[in-house]
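The two complexes that follow have chain A in common; it is paired with chain B in the first and with chain C in the second.
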Partner chain A sequence: MESIVQALAGIVGKPYVSASAEERYFYGRDPGLMPAHAPDYVVLPRSVEEIQAIVRLAGREKIPLVPMGAGMSLSGLVIPQRGGIVLDMKRMDGILKVNEAARYAVVEGGTSTGKLHAHLNRYYPRLRFSTPDSPAAATVAANVMIHGQGRLTQQQGFNSDMVSGLEVVLPSGELCRIGSCALSDDWFSKGPPLPDLSGLFLGWFGATGILTKVGIKLYPRKKMRDVEIFITDSPDFVPGILYELTHTEMAEDINIFAQPLPLIFSGNHHIVIYFTGDSAEEMEFKKRTLFHALDGFIKSKDGGFMTVGEGMKKTLLDMPQRSATTFADVTKGGGFEYSGPIVPIDRYPQCSRKLDELAVKYDLKYHATARIIDKGHAMMFAFSFTFNRADADMLNRTRMALSEASEYALSIGGLFWKPTLDEQRIALEKMDPQTARLMKRIKEELDPQGIMNPGNWEGI
Partner chain B sequence: MYQLKFDEKRCLACPDGACLVQCQYLKYEADPARKEMVKIFRGEDSPVLQDCVTCYACEEYCKRGNHPFYLINERRENKGILTAPRAITRQWIHIGEPKGKYELGRIGKIALSFGFMPQLKEITKGRLFDDVMPSYFFGQEFFCNVVYIHFANTKVFKERLPVVIENIHKLGVEEVVFLHDECYAAFTSLAPAYGMEVPFKSVHYFEYLYNRLTALKDLIRPLNVKVVYQRPCSNRLCGDSHLFVRKIMDRIGATLVQRTYQDETALCCGSIFRAMYGYDLMADVQGRNLEDMAQSGAEYCIFNCHGCMNALSPLVAARGMTPLHLIDLCRMAIGETPEGGR
Partner chain C sequence: MKYAEILHRCFRCGYCKFTLDYENFNCPPYRKYRFDTFAPGGRMWLIRAWLNGEIENSERFQEILYSCATCGNCVEHCAFTFRENLVDIFIAAREEMVNGGRIPPPVRDYFKAISIHGNPYNLPAAQRSSWAADLPVQPYDGQEYLFYVGCVGSYDERGRKIAQAVSRNLIRAGVSFGILGEREPCDGNEVRVLGESGLFEYLAETNIALFRQLGVRKIITLDPHAFNAFRKEYPAFGGDFEVLHYSQVFSRLIESGNLKPGNFAARVTFHDACYLGRHGGEYEAPRNILRAIPGVELVEMRQNRANALCCGGGGGNFFTDILGGEGDSPSRIRVRQALETGAEILVVSCPQCAKMLEDAIKAEGLDGRLTVADAGELLDASLRGH
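This part shows the complex of A and B:
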């Protein structure tokens, strides 16, 4: 053990290696409900070359290696299931390039979404990226790795769809560039018109390689941004409302929330519609178009636009949105987790009713949120629960509720988002056997020793 | 259950059908107007029951002391005619539901009512209120519940208003100064119309302000500004208080400029229209109203209701006028610098 510590220290320097109990404790868990498992070592590299050396060391010694961003998936994706080395990317937090004309940025593998957000605000006020609603410490690389979503997901798809190139350290220690950057210094495409190899890495949670650089597409940032909320008393109307709204192509982002508390929100479904513009005229045109899209629902009294007060508007327009943190402590005790499957938007009523049922069955406080993906091709529906970490019974009830929610989502045609190990296993069992075999062959080809984030996408 | 006191004979003898003839959202001549009202009080169908936008103004237009809007409201409820989307009504019912989280100041014989509008607590500062503050109450337990008449839902206020009256009575106050029209109208118009007894004196804050400004007249420095006033829907339920607006403006040296949509012809802020009917009615009413304000050459747009203020402030500001609550303007006149006046 000591020799591994020394070897790692030889690569990154002594201050950036640890095998101490407190570090191992910290790196052995995430804020969610997955069981903890401590790593044997923690290492914080500062360069691609250091990462390559660490990977080669891990391969040579057959030590598991878990690349980690901010560790905020809540589903245990960077909990080192078989110990080994946690490779914390946070020191590699540079913003390497912003190509304003071609609208993309290249960041290092540990760069936080908050840092990129602040950098663009300061130096490129006409550009933005799809800011996720996770805490600002979440990294760009981890966010695209888990197919995260953000403020532009309604318009542009998953945040991983907005990747414009990757640099990856393979499990062999070799360095590989994916996309246009494989041929030139330009990072404008992650694949097309070449074969798109980004799928060998995105969604694999580090089981096939370590993202050391990410090209991310940037988009026009308008001068004005506003929000309206349409409410309806039945989940059955929600898919139709979403269909009409997305048809307008006027919304920047569309979220939905439903929750029993505070009472003002009880019994209704709130469709939160963001829109942007560069002038008052553009904003008014978009607002009018969005309102008119829902005239039928207003006329039949099935829904209406609620008044959004100044305080609420300010909260909603915040980026990232922090209101989830308020909900996270409703029961006191700081526990919050959700199962957020990706489902077609017509499954909203089923998911909503299932959440009501689970909350009653397991006696939990709940919050439903959904984010529309890519103009309505799908939505992320979050079955969210808040719990007291000091209450073992409540923890257990929450686990059972989340598990049941996930299984239900799969049964109605949904896909797990950032699945836990159990969910990955269930997904592999359910998917077309040939697809599962292809995944296995990819994994074995890239990581024949099985050292990369072991436990993930295994089991076939 | 409480019954509306509506005098059918008085309505039958009406010479002009003013309630509908003067309506700014429906088009009726005198004869058809009278006929429709007769149909309504007889419980028959009438297009008015479908088309009324709940601006409340007919309560003021009727000079014979009847309650045309309350009657329309009753009939709509009986016939199950929804004015607002169900979700909007549900949300509002939840907003007003007592939760035991009310707030009391040091209650004296006179107290200010903030209803359930937290903004009111923020503006009742300075010398204008130092003879009564900190005697106040706030919370759903003291919320008038008048808003439900927008939603053709009389059940809620029939259940809640007597409890609110009792809650206020239990405080031991003799006189309540209401900071919001709806609350004042609840006790001076709605409650009497339904036969509910009110065991305290209700004072509109306009009257209170006017009296305070009179008492503090030595402090007043005429503002010499031109203002327009956005009259809220709920002020139609207590039209007597409206006379104080001009008196207050005169007192502080502000000129209430002449415009088309003021006094009896005032237009709604559009807030309730957007929730109930969507974009077009809201945009039409707001557009006409704002254009009229802008044409008047006013420097300030003075608000009485925070609902109106929330709906119109950005639009007013975009046209170069400063949106301000009436209380804040009065505070400026006595040399104070209110938050909204900075």
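This part shows the complex of A and C:
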């Protein structure tokens, strides 16, 4: 073990390697509910070359290697199931380039979403990316790795759809570029018109390679941004409302939330509609169009727009939205986790009712949130529960509720998002066997020794 | 441990380690070490693990706890309602460690020096007023203000110069003040934040008794750390005094026309001391001084006021030097930030910051390109010959 520490120190420098109990404790768990498992080493690389050397060392010594961003995916994806090395990527946090005309940025594999957000605000006020509501520390690379969603997902699809190129250290230690950047230094496409190889890495949770650079598409940032909320007391109306809203193509983002507390929110489904514009006229026009789209629901008294106070507006317009994180403290317990399956939007009523049922069954505080994906092709429906980290019984109840929520989502045609190891196994079992075999062959071809984030997408 | 019931509420989301706009990490030890264990969330989780018996009081754990500069950035930026208590929690954990008897050797040495000599430099009390030898500064004897100089201003070469400059300005403005000289006890701010609450209590009570005995009602402090202890901690021991940092006094004297700064042409930037700014809520007084000096052009660093990066000297690190050293030590990052503004002078309002940043300039090889001056010194220079 000492010799491995020395070898790692030889690569990244002594201050950036630890085999101490403190780092092994902290990096052996995430804020979610999955059981802890300590790494043997935690390493903080600063360059691509260092990562290549670490991967080669891990290959030689058959040591598992788990890349980690901020560890905010909550479902245990950065917990080193078989020990080995956790590679904290956050020292590689550069913003390497922004191509304003072609609207993309290239960032390093540990750059935070917060930093990219701030950089664009400061230097490129006419550009933006699809900022997720995860804490600002969450990394761009990990966010696309887990097919995250952000403020532009309603318009542009998953954040991983907005990738415009990748640089990957393969499990062999070789460095590989994916997309237009494989042919030139232009990072405008992750594949098309060539075969799109990004699928060999995105969604694999680091089990097929380590992203060292990510090209991410940027989009026009309008001068003004506002938010309105349409409420209805029946989940059954929600899919229809969403259909009308997405038809207008006027919304930036559409989210839904429903929660029993505070009481002013109880019993209603809040469809939060964000829209942007470069002038007061454009804003007015969009607002009017969005309002008119829901005339039918208003006339039939099935819903209406609520007044959004300044305080609430500020909370909602915040990017990333801090209130998404502070939900963890509703029970003064510091815990929050969600099962967030991707489901067709017509399943909203079922998911909503199931969540109500689970909250009663397991006696938990809950929060439903949903984000519309790609103009309504699907939505992420989050069965969110807040829990008290110091209450073992509540932790258990939350685990059971989440597991039941995921199983339910799968049974109604949903897909697990950032699945736990158990959920991955269930998905592989349910999958067309030929598809599962293809995944197995890809994994074996790229990572024959099985050292990359082992446990993930295994067991086929 | 005090506040133990809060520990589990930390989500380890990391908002606390950023500036408000997320452009930079701003927890000094995190900037240096880059392990999440050295960020506020890491400390919260590890303290809890320690109390639960999941980890031990190791050298590494001590380094993690004692590298906190108590700068208050996390208090400013944590997303949760318990943020007000974050620094208190880290201090309480150090207290717990002190009570257990296993602490880093430099911290132990610091306590020992204060207990035996009344100052961290192991120097005799008789030398405490030697900085004022060539100045017409009077011992405190019922004047309007007590000028409390503190250990760094009394013994440290750099601090002494600042104490002298501040005194000259007070004299010029005709402020009625006196000093305690060899009777001056340590204020105890660093003793408290390093976790020796018993020794702090003793120092606070000693100071309060002495101040009362001398009839002190108003205090001007040189050091923002003493400013913090007197304002925020002493009232709990019955010490209710009107406490001002010298920058507040000068700002008022300038405003009332009792001090008229002369010309001093320089492009300067200002570094906020954590115990004046984030802890003391005073961001403007030192800036008012700079704005009032004709010829001074003040250019702000991107990270200023509540977003300022600590010099790394807070939380006792000035004395224990746990945060010093390599290229990514906070003081070295801070001087690089200052250099980016194109300023030739990095102005401070704290003797500890002055020393930390001056050393960092040397370590960065920036001698001749950037110098450090205290706001009191710059005012003094502008007033010379006027």
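Structural remarks
To be clear about the criterion, the second predicted complex is superposed on the first by the 460 of 460 C-alpha atoms of A that agree within 3 Å, B and C clash if a C-alpha of one lies under 4 Å from a C-alpha of the other, contacts with A are read in each partner's own complex, and residues count from 1 in each chain.
Criterion: a contact is a pair of C-beta atoms (placed from the backbone, for glycine too) under 8 Å apart; a residue touches a chain by one contact, two chains touch by 3 or more.
Nothing here was measured: the structure is a model prediction, and the numbers come from that model.
Applying the stated clash criterion after superposition on chain A shows that chain B and chain C can sit side by side. Of the two partner chains placed around the shared chain by superposition, chain C is the only one that A:Met72 touches, whereas chain B remains out of contact. Once the two structures are superposed, chain B and chain C can be ranked by residues of chain A touched, with C on top.
Judged by the touch definition given at the top, the superposed model places A:His119 against chain C, while chain B stays out of reach. Angle at chain A (Cα centre) between the Cα centres of chain B and chain C in the superposed arrangement: 80°, in steps of 10.
By the touch criterion stated above, A:Gly304 is placed in contact with chain B alone, chain C being left untouched.
In the superposed model, A:Leu263 makes contact with chain B only, not with chain C. Taken over all C-alpha pairs, chain B and chain C come no nearer than 19 Å in the superposed arrangement. On chain A, the positions that touch chain C within their shared complex are 15-16, 18, 20-23, 25-27, 31, 42, 44, 70-72, 88, 90-91, 112, 114-115, 117-119, 121-122, 135-137, 322, 325-326, 328-329, 332-336, 388-390.
Residues of chain C that touch chain A in their complex: 8-15, 17-18, 21-24, 33-37, 42, 45-46, 49, 54-56, 58, 60-61, 64, 79-82, 326. Those residues of chain B lying in contact with chain A across their complex are 82, 84-88, 90-91, 94-95, 97, 99, 271, 274-279, 283, 307, 310-311, 318.
Residues of chain A touching chain B in their complex: 231-233, 263-269, 280, 287-288, 291-292, 294-295, 297-299, 301-307, 309-310.
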